[in-house]
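Structures for review follow.
Consider the two complexes below, in which chain A is the common component and chain B and chain C are the respective partners.
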Partner chain A sequence: MQERLKQKALELLENGTADRILGWKIGEFFYDLTPAVFKTRQEIQEEFVYSPFAGANLSKYLIAESRKGGKVAVFLKPCDSYSFTQLLKEHRIWRENVYVVGVQCGGMCDMEKLRAKGCEGVLSVGEDGENIVVETLYGTNVFPRAELLEDRCITCKSKKVVTFDELIGEQGTELESDRFSQVAQLEAMTSQERFAFWQKELSRCIRCNACRNVCPACSCEKCVFDNPGSGVRNKAAADSFEESLFHIIRAFHVTGRCTDCGECSRVCPQNIPLHLLNRKMIKDMNELYGTYQAGADPDTKPPLTDFTLDDEEPSIVHTRGGQ
Partner chain B sequence: MKKIAISKLNDLFSAISKEKVLYIPADDGANQARFTPWQEGLTLTDKLNTVRSAKDLFFPQVENLVNFKNSGKAIQIIENRTEPQPFVLFGVRACDCRSFDILDRVFLSDPVDTFYKTRREQGVVITLACNRPTETCFCGVFGIDGADPQGDVTCWMDEAALYWRANTEKGEALTAALPMLTDCAEEAIDPIAAKIRSILSKLPLNDLDLTGFNRDRMMELFNSPQWEDLSQSCLGCGTCTFVCPTCQCYDVQDFDDGQQVRRFRCWDSCMFSDFTMMAHGTNRPTQKERFRQRFMHKLSYFPNNNDGIFGCVGCGRCLQKCPIHMHIVKVAKALKEDLK
Partner chain C sequence: MSVNNEFQPTIVAFCCNWCSYAGADLSGTNRLQYPANVKIIRIPCSCRLNPMFILRAFQRGADGVILCGCHPGDCHYTTGNYYARRRMTLLFSMLDYLGIERDRTRVEWVSAAEGAKFAATMNDFAATIHKLGPNRRLEDLRCRKD
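Right, the complex of A and B next:
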C-alpha cells in the first residue's frame, strides 16, 4: 500500500496534477508520523509513509492549504473523506485547489494499546499476515492486528470514500457498526451515575485544547475560549464547572457537523473518551430527526439548520414536566 | 543502604503516610499513571512514568492567589492562600527529579516564588531507578542516570526487595522514622543498576547530539529556514507544554464571579495564540513563531542563561503525547543540520 501511495504521489507531482502533496512523514520511530506537505520527488521518496500508524486525519489542514494557491493533492482515508466533505459543505475548503486520492484503510493501530500490553522500548514493527510483530528492547512480541486497532476503527462506520478524484484500492461500503452501544450504556445509568462517570473522566482534563484544535468541525477563526474579552476563563482548568462547560459547549457546537471521525479521542493525552459526548448528540439527532450522517454528502441540509413545522422540540423543561 | 521486602511495601507506605501526605504513581483507571495520595489499598503502577509530570506537586496547574471585593472606592483584600502541608513524593524518575533543578533556577532566583519555595521545602522527594526504560527515553543525553537518580532518597527495586539510600538531611530524617527498613550492603543494588545500564546503553535516542547549541549560534538557529516546515502541522495545542516537567510559564488572571474577583495563576503555553498578549496584540502572530519559541527556549535560550543546562530532561512525554508527533528530538535533529 505504502508503495502504491508513494508512486501515486510522485506521478501527481510529475504530471503536474498537483504542485505539492499532503501526506504523512516518517518519524524517529515507526509510529510517530507527522502530517506534512511534500514538494519534491526526493522528499517523497525518502520521507513519505503510509502505514497502520497514519491515523492523523489530514482534511482540516486543507482549510489553509487550499487557500495558498496552486494545487495540493491529498490522501484521505474513508473517515477523513467524511470530514473533508463536511468541510466542503461548510464552504471551508476551496475544492478546485485540491486533488483527492481516496485510500482504503484496514484500520489504524494505537500505540497506547501496544503499551497497555506491556510493550515498552519498541524499536520496529512488521506485518505478518493478520499479525503485528513488534521488536522491543526486551524481546519480540506478536499480536493479532485486531487487538491493536484504535477504538474508533473497531466501530468504523464506513469504508466508503465519499469524495475523491481517484481511488487507490476498492471502494468500500457503509458498515453495520455498534458505535452507539456505549452511549446506550451511559443512557441506562441513573443521572447521578452518569454525572459521576463524566466528572471522573473530565477531571483528568488538562485543558490542552488538543481535542478542539484537531477537530475538523472546530474551524472557527477565533474560538470563544481563546478570546480574552469573552468573559470565559480558558485556562482555569481546575474550575470543574468551567471545565465541563468547555466540553459541553464544544459538543453542542459540533452537533450536526461532527462526522464521528474520532480524532478528539485519539489525540487526548489523558485518554478521555470524548467521542461518547459527540456520539450521544448524533444518536439523539438520529432519534429525533431521522438518521443523518454528517459529511456523507456535500448537499443535504443538517437537521439543526433545516427547520420544518413538525420538528421535534425537545426541552429539558418539557421532559421534567415543567411548563 | 537499607532495604525492605516487596511484600512489606504496604507497611512502608502506611508508615510514611502517618508522618506526611504520601503521593505514589498509581494507575488511574484510564490506562495511565498519575501521582495519587496514598491510602490503604493503593498500589504502585507498572507504568514507567506518569502522564502528568512530578512538577504538578510543586507547581500545580491552577492555584489561587488572592480574592478582592470592591465596594465603592474601597477594595477589600481577602487572603485565601493555603500553606501546603508536608508531603512525600515517592517513585519520581531520574528525569523528573532533574526537572526540579531546572524549575528551581527559575522560581528560586530573585524574585523568589514563595508558593513554589514553600512546596519545595515541604516536599521530600524519593526517586526510583527505572527498571524498564522505553524507546522515547533520552535522559542520558543530559547526563541523567536512570539507574542512579538523585533526590532526598533513592530507591531501587527487584522482584524481592526495595532498596533505599538516603541522600540528604531530609532523607535521613524520614529514614529514621521508618524502623521497618533494615540495613543491607551497598553492593546490593549493583546487579540492578548494571541491568538498567545495559538497557540504557541500547536506547535508540542515545545518539542525539546537542553539541554546538551555543550562544554564538543563537541567531542562526532563530533564523533557520526550517522553522516553517517543522511547525507546519503543529496544532497549537498545549499538550507538549502541559505534560513537560520543565515547562514553567504561567498566566495570572482575574475572574469576576459577580460577587468578588478571584485572582489565580495557571499554566500557560507559548503554543497558545493568546500567550503573553499585550495591548498592541501579540508579538508571535503565527504558529511558526510560537513553535519556535518553545524549542528555542529549551535548546538555546535556557542553556544560554543557565550555564549550558538544557531546558529538557529527555523524559519523552512530548514524544509520546504530541498529537502530530512533532517533538523535541525531531526539532533538535533538524536544527543540528543548520549547525553543521
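Right, the complex of A and C next:
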C-alpha cells in the first residue's frame, strides 16, 4: 500500500495535478506518523510513509492548506473523508484547491495492542494483506490485523470514501457497527454510578487541549478555550469543575458536526474515552430527530439547526435511559 | 459563617423578555407568591440561552436552573424556541449522562398572561430543588458559598 501511495504522490506532483502533497511521515517514533506536506520528489521518496499507524486524519490541515494558493493533493481514509465532507459543508475548505485521493482502509493499529503482544525492539511494521508484519531486533512476527486494531476501527461505521477525485482500492460501504453499546451500558446505570464513572475519567484530564487541537470539528478561528475571559481557558488546580465544564462545552460544540472520526480519543494522553461523550450526542440525535451522520453528504441539515413542530420536550430526559 | 443552617436553594430562572418575564411581572402585580431566591435573568428569546450560561450559573452557585420561554408557536421571533427546545433537550440529556441530577434543570413555556402559572412553576421548581439539596456534582469549589 505504501508503494502505491508513494507512486501516486510522485505522479500527481509530476503531472502537475498538485504542487504539494499532504501525507504522513515518521514523527517521534515509527508508530507515531505525523501529517506532513511534501513539495519535492526527493522528500516524497525519502520521507513519505503510509503504514498501519497512519491514523492521523489529514482533513483538518486542509483548512489552512487549501487557502495557501496552488493545489494540494491529500490522501483520505474513509473516516477522514467524512470529516472532509463535513468541513466542506461548513465552508471551511476551499475545494477547488484540493485534489482528494481516497484510500481504502483495512483499519489502523494501536501500538499499545502491539506492546501487549510482547513485541520488543520493533524496527518496522508493514502490512501483508490481512496480516501485520512486525520486524523486530529478534526476528519477524506476523499478527492478524484484527488483533491489533484500534478500538475505533473495530467499530468502524463506514468504509465508504464520501468525497474523492480518485480512489486507491475499492469503494466501500457503510457498515453495521455496534458503536453505541457502551453508551447504552452507561445509560442503564444509576445517576450516581454515572457521576462516579465520569468523575474518575474526567478528573484525569490534564487540559493539554490535544483533543480539541486534533478535532476537525474544533476548527474555530477563535476558540472559547483560548479566551482568557471565558473562565475555562486553563486547567484549574482547585477542583474538577473545569474539566467537566471543558468536556461538556466541547462535546456540545461539536454536536451535529462530530463525524465520530475517533481522533479525540486516539490522541488523549490520559486515555479518556471521549468518544463516549460524542456518541451519546449522536445516539440521542438519531433517536430523537432521526438518523443523522455528520459528513455523510454535503447537504442534509444538522439536527441542531433544524426543528419540527412536534419535537420532544426537554423533560423527555426523565423518561429515557436509566434512573 | 451562616447561622441559619436550613438549606436555601439558589435558583436561576432565564426568562424570555416577551412572555415569561412579563408573566413574572404579572404574577407580581397579582401579588402571587414565589420564592425570593429565584433570581430572574431576562433574555431576549429562549433561543438566546447559550448552554454555557447554564453551566456558568451552576458554577457560580446555582442549585437549579430553569428556562422559561414563549409557548411553541408563539415565539416573538417565530421559531427561536423550537431551536432552544432541541438544544436544551440535548444539553439536559448530556448532563444526565454525566450523572448530574435530572431535576436540577427544567424548561417551561409560560406566556405573558400566565402569571399564575409562573408563580406555580417557580414554587414547584423551588420545592424540587429544596428536596434535592445543594448542587454538589456540578459546582466549582472556588465559588462555594458556605
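Quick notes on this one:
As a working rule, the second predicted complex is superposed on the first by the 281 of 323 C-alpha atoms of A that agree within 3 Å, B and C clash if a C-alpha of one lies under 4 Å from a C-alpha of the other, contacts with A are read in each partner's own complex, and residues count from 1 in each chain.
Assume contacts are C-beta pairs under 8 Å (C-beta built on N, C-alpha and C of every residue); 3 or more make two chains touch, one makes a residue touch a chain.
Keep in mind the model is a prediction, meaning the values are calculated, not measured.
Contact with chain C, but none with chain B, is seen for A:L288 once the two complexes are overlaid on the shared chain. When the two complexes are overlaid on their common chain A, residue A:L137 makes contact with chain B while staying clear of chain C. Look at A:F195: by the touch rule set out above, it reaches chain C but stays clear of chain B.
Of the two partner chains placed by the overlay, only chain C lies in contact with A:L277; chain B stays clear of it.
Judged by the touch definition given at the top, the superposed model places A:L123 against chain B, while chain C stays out of reach. Of the two partner chains placed by the overlay, neither chain B nor chain C lies in contact with A:V74. Looking at the shared chain after the overlay, A:E187 reaches chain C, while chain B stays out of its contact range. Legend: residue contacts after superposition of the two complexes on their common chain; A:P269 is shown touching chain B, with no touch to chain C. The interface of chain A with chain B overlaps its interface with chain C at residues 236, 238-239. Against chain A, the residues of chain B that register as touching in their complex are 28-32, 34, 46, 48, 51-52, 60-62, 132-136, 199, 202-205, 229, 232-233, 235-239, 241-243, 251, 253, 255, 264, 266-269, 272-274, 277, 319-321, 323-327, 329-330, 333.
Chain C meets chain A in the complex at residues 51-52, 55-56, 59, 72-73, 79, 82-83, 85-102, 105-107, 137-142. Residues 27-29, 31-37, 56, 61, 111-112, 115-116, 118, 120-123, 136-138, 200-201, 204, 206-210, 212-214, 226, 228, 233-239, 266-267, 269-272 of chain A touch chain B in their complex. Per the touch definition, chain A reaches chain C in the complex via residues 186-187, 191-199, 224, 231, 236, 238-239, 241-242, 244-245, 248-249, 251-252, 255, 277, 280-281, 284-285, 288-289, 303-309, 311-318, 320-321.
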